[in-house]
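One chain, subunit A, appears in both complexes that follow, with subunit B as partner in the first and subunit C in the second.
Right, the complex of A and B next:
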């Protein structure tokens, strides 16, 4: 058998999962779709003593609207988002992004919460959720809390969850009818992890504009100056603005990388303002 | 062992399974359903694709126990299905297989694709089928067969290609200019670099530099005792030190990867040059990975005499399972995060506080571990998000 031995626990609710995690301590690991954990466990680079399966926790599979935000449950799959099976507050951005993740057979199992918590810098959702100004809802032994997507990921494979906590939902503001977006993922083969991701969301009605560069070595990068220029409609200045901000924020990146980052961002910006 | 009840190809099956048994192995070894092939066993190649509740999924990365109450359909279960019969005939007619290893997965994925999307053009078929790898025929025959059957099952009506190249949703008009709502600027740390001679062939190198708010003499005194250094490295423990020989352990936690290295080495100080070198090796008994590392540090007085710059170089050679993967950029990023934490702990410890050796509240990590932990990653393809 490929994986190392582990105990299996099925959690029927977030509260169950929190109780199990608290009891299991450091040896316990949440699994949902298992599309990241599965390969790592088969290769035995990850060897959790126990896994807590939350895929059967129905309240984590729901998408709800609390009036202000749309809450996408942690166990909603990429495939459900791709197919429009769940409400979309993003005017098509979420389904577009979902359809570009890995392959259909993976999208049918892999979950948005799992991807966000796994926090691979080259994966799609972390960058996308930052661009949309989403928050991440968390529950743990001490109750629930919510953090901005850009504060949730601390580095590659590292997020701000503490022991016993799990992500319950992605909390997304609804884009207004004036909003537009652009998303460009550059990779060498369909379904591969990204070499660069440019994500842009413009929502004049909410005075909201974000330009995010993902696919880096660590957390995605919010490009504030470029966002300001996009918001002000300084169209001609944008390519130079993007180049300069990449240079300033990522001075150590290889020249080829900077080029790829620039291409991804320019394409995403153009798609959003076009 | 866990009790499992699920439906396979319409038949209810009950079995007692070990939690770590993958669905693919359960189907093949337990149920003798050998149409499901096992290729890469890491969710990349698609040979093991089956339908779970009617949707294609990788059975090599789905534990059997996770399928309690679900309905599994393997290629055997689609025997006699009209669409599958047409696909099988077209695969034969178009020479869409040679060794046949990928074929069951190809057929399941193609069946799902045509069921959902009908007829597609070649580019769209290639895009949609990109998660199923074939290593012998090339894809011409496979794509031709799927195209032929797709057209037949949609009465020759081809849908608009689903790859539009569209990467956004513009308004089709000028976006009204506006000022951004106030938002806090995100702080980014300045980059540091330290040049020195090249590492030994085959070894990797990490370089970090940081500043401590104490004068040189105080920092040197502190660094002269490896117990102090270990105390500031998240996850590190010193178990023995006799003035030169050293033994210790290090716990690494990097996402879901954990390892615990124990080892020994030598610690040499060069007081005149304000330099120290730790040479050592260690092994992670559970995972079977080994590491050799040379860690050297150099202290340089800061401009104002009130601060000391610390430069650290880690040369390492990793072997075993963790050595098979490499995503160098992530290693650097992790190392720089780690060194910031180390510097914070050091500053805190030297100003009388508790080192609180912890990184991002995430438990044990360490600087050498940096090296180790991150290494798994050629995995780009595996980490299917």
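Right, the complex of A and C next:
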């Protein structure tokens, strides 16, 4: 369980990383905290010819506020978010989610950008960022762009990055003071990947309400009808609404799966409604 | 009471280095010219090896079975009737019999480069139909794991009594099918071996993470055709064993062969993926049981069949058979009943070779038996704890010979059950269940009681006729010139605290504090022969041997001291590390000084053995001495998700005289943690092709701190009449009961839903599926 031979390059900035990637071509691969890439390289599932280490690129490690959005740098660690070391636009949701990722040693090194780009459907951030209405900022040889979190992840372990691009930041709108959220992760033990995630964000002042089901085989599922029912405060109807929308969206799922999806969503919704 | 003798809570001598990162493991060793080895393992569960092509120019860095001149396969024989012999080649020959079986090895400066070489080896395999489970293996059209066998049965055992009268008359009959999954043992340190040739000693030195160094020397001698004097097996710190390191490993033979062939150092360290796949080798049992009871739930008889999936080979020295043989012998557990029929089948499959894990068979039989007791109780409408207590071997029956001839030497089994019932607050739990939980979870309480046969000896092992038969355990105890003590024993410390507890035994007799007692273990060049650390035997056997040697040493010290003090030896007493005769006193160093440095001061006719004693010890019985315990668990089951939380866990245990209660408690905590792993988390699933599906720790779930309850441990201390100081073994016990106590608690919680769980592990998905199925059936 040792990696195949690879070259190592350290990038001091996103521009540096883009230049290195374009020089290295498809054999180059970004590494940040290395908490997914490291094991995959050790298992030789990933065999990059070269890695470009962006963990030392200081502008990727910062959290900034551009007036509209808060930008969480791709190399901010789960541990920094958990500890509140960086500004939090989510009224506590991000620290709560971060604290449930793996165990502390992983959170000390693992980064939010790395997790999002790895796009494990059972990981926490892909679902959470969709629920918060985040955008993913990307830079590449043709300049920068930004995509909605729900459009960024295309499937299990697949994202909309093209060759030579890297993620620079998660762009999150600030929740208003009235906003509330709920996050329920069902898993085998503390810190494990999820069997089901319900993530709910309600922000009436911004006319924003999202209900997301994660921990699926592929991309997280935005449940629009349930979100509308939540926004309207149709409390009694919600369990049946959730059941029906799961049935419609995931008809092939096993009964036990549908059950825990429903439980995760109901509990998250209840937590958000209060 | 002052002192550091038996019964004292002495802090472990080894912990200072182990908890500050200053331990030394095989992977930590540095040696000039050391090269690392990687193994190429079979990607298929069952395949004929057509061709293995080495990378060009790598002929002297890549090795296959044909290169290993004169190396014999590992051969574990048994004289048990129906036992079938199979050779276990150290590198596959002819065919590969499990996914993960070593086929070739590669040598390089670093492990990564050795793995590069492995990747460059071309394997030409003809896939054979895989035999992925016992039911497939037993079907008439299945192929053979071993081509020369008439079927896939390695061993059948049978205990037969006529149950027809019970069948006709018993008021209660219940039947259950119960399964425990295959799993790994998962010591923190995996296997590891480093070997080199010592020119000065003309010895092959093998430094291995092993529990059984002297057995490994014997095995290496047989496989390599090398005389034992030319082999030294050494040990360093070992990060857990649990039985995984109690066998001769094919990799040990391979690395030793490299060192012998090239007269240079080589090392292999098992990585976690190798452990999770090639090391998924334990616990898989299948039971069909019919129990007969009277209308009060008193057990009258048991009719059982047990299948053990032993994998592809028989391990040395225990063979693949002691698991099923022990299952048949231990299924009756702590219970008193008169009719028993049990057939066991040790079934070969294309999986890693089965090895005995902490508890050997007993976690499985306890899991099965304790579910049967609870099922009987539910059937007759009584409290399981009451029915359990009535069925236990009563105090007044001790010593008691049970239905399978186990001789329970001493103990009050019912008192341990009452103890744990009190600790867990049984009545309060029943009240709480009446009230219900605000969060909708269901509360359940479950019990399990077991016996732990420890330190079974010569007669038991000789009856199996396997390569390992423990006889007299020896230990050396030596007084140094400055009044310190050195203890040397061939048993191995694998984390169980023997460096401290063996010192405590010597301290008990000599009164010298454990800080001044050095304990050296395992090294075949430095210690008397021992069959090693297994079967909860360390404290009984090596402790007994240290006790005996220390007593003989004490006599010799008294004789010299009497001469120096001009008194009779009978007047000498040891107190707090000093030698007293009335008001006069000496230090132990005065005696040491006389023997080593001032022999002119010694008396006429002094014992020429001096101040170094090696004695052999075995208990008054070969049949083992029986520790026992009861465990109780309170769980909360979420009926909406199947999640289980252990709310409370209590243990009342009795291992005879405790040499160090803290060490006993450590064994209780650690064993229970492993038992909780077996109960709720750990599983090595295989697909129909015999491919392991848990190959990383992302798939193989171990309990962590958040999943483990704060266990409460209460002691009883019923001495064994057969052993020095009344000691019984305790190393395995706590791993036995948790799956049973937890399944009974879960079934107690789910009773109202009409759901009963009969398998381990019990993941939320399984519990939820059973709940949904019960709801479906009800609607």
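Simple rule for what comes next: the second predicted complex is superposed on the first by the 273 of 274 C-alpha atoms of A that agree within 3 Å, B and C clash if a C-alpha of one lies under 4 Å from a C-alpha of the other, contacts with A are read in each partner's own complex, and residues count from 1 in each chain.
One rule holds in what follows: a residue touches a chain if its C-beta (ideal position, glycine included) is under 8 Å from a C-beta of that chain, and two chains touch if they have at least 3 such contacts.
None of these values were measured; they are calculated from a predicted model.
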Fit or clash between subunit C and subunit B when superposed on subunit A: clash
Which of subunit B and subunit C A:89 touches, first, second, both or neither: neither
Partner chain(s) touched by A:55 [first = subunit B, second = subunit C, both, neither]: first
Subunit B versus subunit C as contact partner of A:109, first or second or both or neither: first
Contacts of A:256 with subunit B and subunit C, given as first, second, both or neither: second
Contacts of A:215 with subunit B and subunit C, given as first, second, both or neither: neither
Partner chain(s) touched by A:186 [first = subunit B, second = subunit C, both, neither]: second
Subunit B or subunit C, by number of subunit A residues touched: B
Contacts of A:10 with subunit B and subunit C, given as first, second, both or neither: first
Overlapping segment of subunit B (options 98-106, 350-358 or 368-376) - the one that collides with subunit C in the superposed model: 98-106
Overlap of the subunit B and subunit C footprints on subunit A, listed as residue numbers: 1-5, 39, 43-44, 103, 189-193
Of subunit A, residues touching subunit C in the complex: 1-5, 39, 43-44, 103, 186, 188-193, 195, 255-256, 259-260, 263
Contact footprint of subunit A on subunit B as seen in their complex: 2, 18-22, 25, 41-44, 46, 49, 52, 55-58, 60-63, 65-66, 68, 109, 112-113, 126-128, 130-132, 166-172, 174-181, 183, 185-186, 188, 191, 193, 254-258, 286-287, 321-322, 325, 329-330, 332-334, 337, 360-363, 374, 376, 379-385
Subunit A residues touching subunit B - in the complex, by the definition given at the top: 1-8, 10, 26, 29, 31, 34-48, 51, 53, 55-56, 78-79, 91-93, 96, 101-106, 108-110, 114-115, 118-125, 150, 154-158, 160, 162-163, 178, 180-184, 189-193, 200, 202, 204, 206-209, 216-218, 221-222, 224, 227-228, 230-233, 249, 251-252, 267-268, 270-274
Subunit C residues within the subunit A interface of the complex: 110-112, 115-116, 119, 271-274, 640-643, 681, 696, 698, 701, 703-704, 706-707, 763-765, 768-769, 772
